[in-house]
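The structures come next, written out as structure tokens.
Next come two complexes built around subunit A: one with subunit B, the other with subunit C.
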Partner chain A sequence: MTLRSWRPWLYLLPALALLITFTYVPVGNMVWYSFHKWDGLDPVMDPVGWDNYVRVFTDERYWRVFLISLYYFVASFAQIAIALYFAVVLSFSTRFRNLFKGILFFPYLLNGVAVGFVFLYLFQPGGTLDTVLRFLGLGDHTKLWLGDPDVANLSLAGTSVWRFTGLSFVLFLGAIQSIPGEIYEAADLDGANRWHQFRYIIAPGIRRIISLSFILAISGSLAVFEIPFLMTGGANGTRTFVIQAYETAFQFRQIGLASAMAVVLLAVVLLLTWIQRRVLPDDEVTLS
Partner chain B sequence: MIRRRQLLGAGLALAAAAVVPGCTGGASDEPDGDSGDFSGEVTGPITVLTNRTDLTDTALPAYAKTFVSKYPGTKVSFEPVTNYEGDVTTQLSSGDYGDVLLIPNTVAVDQLPQFFAPLGDLTELKAKYRFTDEKAYDGKVYGLSLGGVANGLVVNKRVWAQAGVTAPPKTPEEFLAGLQAIKDKTQAVPFYTNYKDGWPLSFFNSQRAIVADPAFNETFPADPAPWQPGKVLYIADGLLFDIVHAGLSEKDPLTTNWEGSKPMIATGKVATMLLGSWAVPQMRDAAKAAGANPEDIVFWPFPYQAGGKFHSRIEGDYKAAVSRNSANKPAAKAWLDWFVTESGFANDQQSVPPTVEGELPTVLRQFQETGVELVELPAATTNAGKEDEIIKESEIDLAGNIYRQKLVDIARGAAKGTKESCFAELNKRWGAAQSRVM
Partner chain C sequence: MIRTGKYASLILASLVVLVPLVVVLFAAFKTHAEYSTTGPLTPPRDWLNFDNFVTAWKAGHMLRGFWNTTVILVVSLTGTVLVGTLAAYAISRFSFALKRLVLGLFLVAALVPGVTTQVATYQIVKSMGLVNTPWSAIVLFLGTDIVSIYIFIQFMESIPRSLDQAALIDGANRFTVYRRIILPLMRPAIATVVIIKGIAIYNEFYIPFLYLRSPELNVISTALFRFKGPYGAQWETIAACTMIVILPTVVIFLLLQRFIYNGITAGATK
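Entry: the complex of A and B
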């Protein structure tokens, strides 16, 4: 009896131990730090109550950087659209489909540092992008892709789309392929064309994955770090919330304030996800 | 055998001489006491953390070999750290950070005693070493400099000569006129900011000696508005603004590259950069590699004179210290003393010798001959650590690049504002933080 009731926990133990040690304890620590003034070294932490949170919300420099996320958020719609398009096209029998699948997924396999450097050279004045534009006779349209503050965020968001389209693509493709083949056959017999098949079979069939993609897009665009950090270091108006938090923590050694920023970010992501779930409830999908 | 003992004794006497005032006796009996006790036999292994990843397999083991032949029985191993500041700061809080290491700049002066063993009294060590007060707290020295640098302009004098300038400009206006002449008469980029890598912008903070005020570091934290005409930061940051605003810097600052900038100045594609004297040998190496004349690269003072004279600040690079938790303090201390005084490291690196009587390297002798006074600015004592606190509180990274990048953005018209509005904003933020700290 006792053994039996313990057994499931025994199996769960390794997973739970790892989860608690490496996720919940650090998050707990972070919340604890966020109520203190601490430089990350001193043995003494001064408790400051809600001061750090007040600063995050009242000092313009901390919350303004959230606006930069909008670029990435808008870009993520393009990302989802492109990924969905290719996933649908490549789920039908297309010539060289495996090659194209590989090509689309490849950028996601590259590590972020490599992507950052590749695009840094691409965007240089007289770099690859400018050369290609000139070759196409569009030489007048070359810009300082990273140096011009009106374009810099678009360039970075574009890089991000290039990199993460592959991930969305694989998610969509997997979901589409789990739709049973007979349904298409039946649709064919009923005279449905490709658009009808997409509209009435595929789209409803992968709704959950699409909604998951939006959640990932929201949290991803709020937490952009790698690409702008590597390519511009947050200069020229491309500083995102996470870069700001990183600088606060590791350049200015205000671990407490930076923890408060991280907690705020977590809360914002949870809140947006909750709103999104309320607006688009997660119904069970049946295709019969 | 006896001879070896005597040798050891001599080494110890040297160590002890530096330490005696530091330990007030009896410390050796306490397991976690004052930690400033280095008595004991110099033997056994020590671990040295270093930021010079380029030397870990070449020059450093060679130094270690000489050290071991002087103190048989010791063994020195090096731990190269690429991202030194960040990684070692994290390591510090773990308690295990080797025996000898460079003090990361993230450690505030009042935290030094928590991590490092005191090497001796400031008054005592000051007579023998330079830059001792930079990492001193409460009258005790915690780190010794491995070599110092002078601050100023690295220039390609061939390009400057083409533009008709052969002597260092004496005022910011003269300097700007010179840069303009370079832009008009040559193909070279007059001034390279290295904006993307960022840290080269921090040298605008290293020009503190130009007004020849020896008490600068002491009085600076008491000033609520340091960006005002006539003050150092206004002169230095203002010059940066004017250079960029007049279009005398690189076209797209977002795609600069430090490694790439070395051959550019070496071959005359770039005329000027604001850096430390340590950069001169690197640029000359780049010139050799590119087949250009290394003698074109010279070091000029910052274009500002006080009392009819140039002043260049010399300051210590990283300071080396002995870990408070070292299990082999005698050997660690012996290595530190030997490395600073006898290894010849500073001269090999063309830096200002860490010992007072050491001779200046060639690059700096030539620099001095252009009529520059090398000035060592004493660290703040009553206001010790206050400047750091204001920096953290205001998030204006005086010793960094974040706000200067913003300044460059404004100057090149990529962000809203003017020179005056930018300095007013800086004064406001600095003043607010300063009133919270002081």
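Entry: the complex of A and C
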């Protein structure tokens, strides 16, 4: 080892210090807290073994919130399908292409709190959605969109689709456009129709980004927080896992229990990512 | 036939995106009496009625919100660029033991969703005495950003090493190479990071909500959120404030469209 070998660490120091302080230490502490009963203030923590984990998996209040993720998970399939459809449509020449692209993408850039208010306004009784339904002669179908536990989660999942479809759409469009144009020309000469082009050129070309989107969809639907928290505060059966963890930690001061919830969530997300890496190995890990 | 379907679907989707926003814009220009007597789809009578905007701006202390957001934005972005480019310089231009481990640490950290660790992160920020100071948000925006480092590394790899070597032969030291050669050439990557990270910070709700509890520290997200309780019956004021928050996003999007698309793609696929 030469004397110089400490030099790169000097450049790395700020980034590593931040990374360790605000990612690795919290993860480590979280695991430690999860085996204790602690209110976040008391200097003494009571070790409780696996109790917190047992509670997360057996107490209905804690595991039920996992099921709420399913609404968002199913919604994210709709999101991917819609995004894929419009990405394919707009990858062929279309009038006002950039305008449509901009409109479809725009919601993703909006402030989450603003989105929350826009949709509270839309869903309120006698609000935009009810008015539009009446206008279309579907007046009988109006509901308490956020008040009725049977539909509240659907309304919130719909809001989430509205907000995030633009992101998937732009990612898919980018991937499709990176396929060289000559391939389409060659396919045209060979008499391939649009469906063939999609099936044999576009689909394989964007496989990686689609698999990435599914992983993001799964971890995203487990970590839903902003939209339900802002719009219903978790009322009417819309409490998600993160809202529950937030309340457990910051309102009921059960840090140990909340940490156990967070550890479970983290473990699930890491496991899913690992599976995805195994199933669809990354072709371009070139960072070294 | 297919073409009509294609345009019909595009127009339908555009309506689904725009109608919810346009009706809020309508509401923002209505008087209270007008709001309660007209339907949401009816345009306002007077497009120059800015009363609600004035009320919202004052009641929400939006000036303070924008100021706080701007301060946090400028400090965090400057910090992200410096910390990120320095780390990327070490990883891209030096060879050292444990490099793979360091890369692995960054890679795994990118997979940890920020919302899950706040329970424990809060205790750390609290023990540093940063809760209820702007620094809590700043260090968290700096410390949880792995994507930027990746964008920087990727870009730095495309800068020819012969430039470094030429400068080193001319007697420049390593830091001068970073400062005078690498950093100026990194401008496109820096622009990308500033844009996507800037948008993310402007829109962030959870971190300011958790750490900046005092009203003096409201950023625009939390300032808007405070309208929820007391103004529940005054939708026209909430609507105006929502539009105040959305307007800068519209302007930035119209000006920087191309950069935003590229930045989003670069950020998400790393």
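The rule is short, and it goes like this: the second predicted complex is superposed on the first by the 254 of 288 C-alpha atoms of A that agree within 3 Å, B and C clash if a C-alpha of one lies under 4 Å from a C-alpha of the other, contacts with A are read in each partner's own complex, and residues count from 1 in each chain.
As a working rule, a residue touches a chain if its C-beta (ideal position, glycine included) is under 8 Å from a C-beta of that chain, and two chains touch if they have at least 3 such contacts.
Since we're looking at a predicted model, the values are computed, not measured.
Enquirer: Have a look at where A:A262 lands relative to subunit B and subunit C in the superposition and call it first, second, both or neither.
Expert: second
Enquirer: Considering only the touch criterion stated at the top, classify A:L230 as touching first (subunit B), second (subunit C), both, or neither.
Expert: The answer is second: A:L230 touches subunit C but not subunit B.
Enquirer: For A:G40 in the superposed arrangement: first (subunit B), second (subunit C), both or neither?
Expert: Both partners, subunit B and subunit C.
Enquirer: Is the number of subunit A residues in contact higher for subunit B or for subunit C?
Expert: C
Enquirer: Mind working out whether A:P125 is in touch with subunit B, subunit C, both or neither, as first, second, both or neither?
Expert: After superposition on chain A, A:P125 lies in contact with subunit B alone.
Enquirer: By the touch definition at the top of the document, which applies to A:R61: first (subunit B), second (subunit C), both, or neither?
Expert: In the superposition, A:R61 touches subunit B alone.
Enquirer: Looking at A:P180 after the superposition, I want to know if it touches subunit B, subunit C, both of them or none. Which is it: first, second, both, neither?
Expert: It touches nothing on subunit B or subunit C.
Enquirer: Can A:L19 be said to touch subunit B (first), subunit C (second), both, or neither?
Expert: After superposing on A, A:L19 lies in contact with subunit C but is clear of subunit B.
Enquirer: State whether A:F250 touches subunit B only (first), subunit C only (second), both chains, or neither.
Expert: In the superposition, A:F250 touches subunit B and subunit C alike.
Enquirer: By the touch definition above, which subunit A residues appear in both interfaces, subunit B in one complex and subunit C in the other?
Expert: Residues 40, 127, 250, which sit in both footprints.
Enquirer: Under the stated contact criterion, what part of subunit C meets subunit A in this complex?
Expert: The touching residues are 6-7, 9-10, 13-14, 16-21, 23-24, 27, 39-41, 82-84, 86-87, 89-91, 94, 96-97, 99-100, 102-103, 105-106, 109, 111-113, 115-124, 139-140, 142-144, 146, 149-150, 153-154, 174, 178, 199, 202-203, 205-206, 210, 220-222, 224-225, 227-228, 235, 238-239, 242, 245-246, 249, 252-253, 257, 260-261, 264-265, 268-269.
Enquirer: Can you tell me which positions in subunit A touch subunit C when the two form their complex?
Expert: 1, 5, 7-12, 14-16, 18-27, 29-30, 33, 40, 82, 85-86, 89-90, 94-95, 98, 100, 102-114, 117-119, 121-122, 127-128, 131-132, 135, 162, 167, 170-171, 174, 209, 212, 219, 223, 225-226, 230, 242, 245-246, 249-250, 255, 258-259, 262, 265-266, 269-270, 273, 287-288
Enquirer: Tell me, which parts of subunit B touch subunit A in their complex?
Expert: 86, 89, 92-93, 106-108, 111, 114-115, 195-196, 198, 251-255, 391-392, 395, 397, 400, 402, 405-406, 409, 414-415
Enquirer: Show which residues of subunit A lie in contact with subunit B when the two form their complex.
Expert: 39-43, 61, 120, 123-125, 127, 144, 146-149, 152, 232-237, 247-248, 250-254
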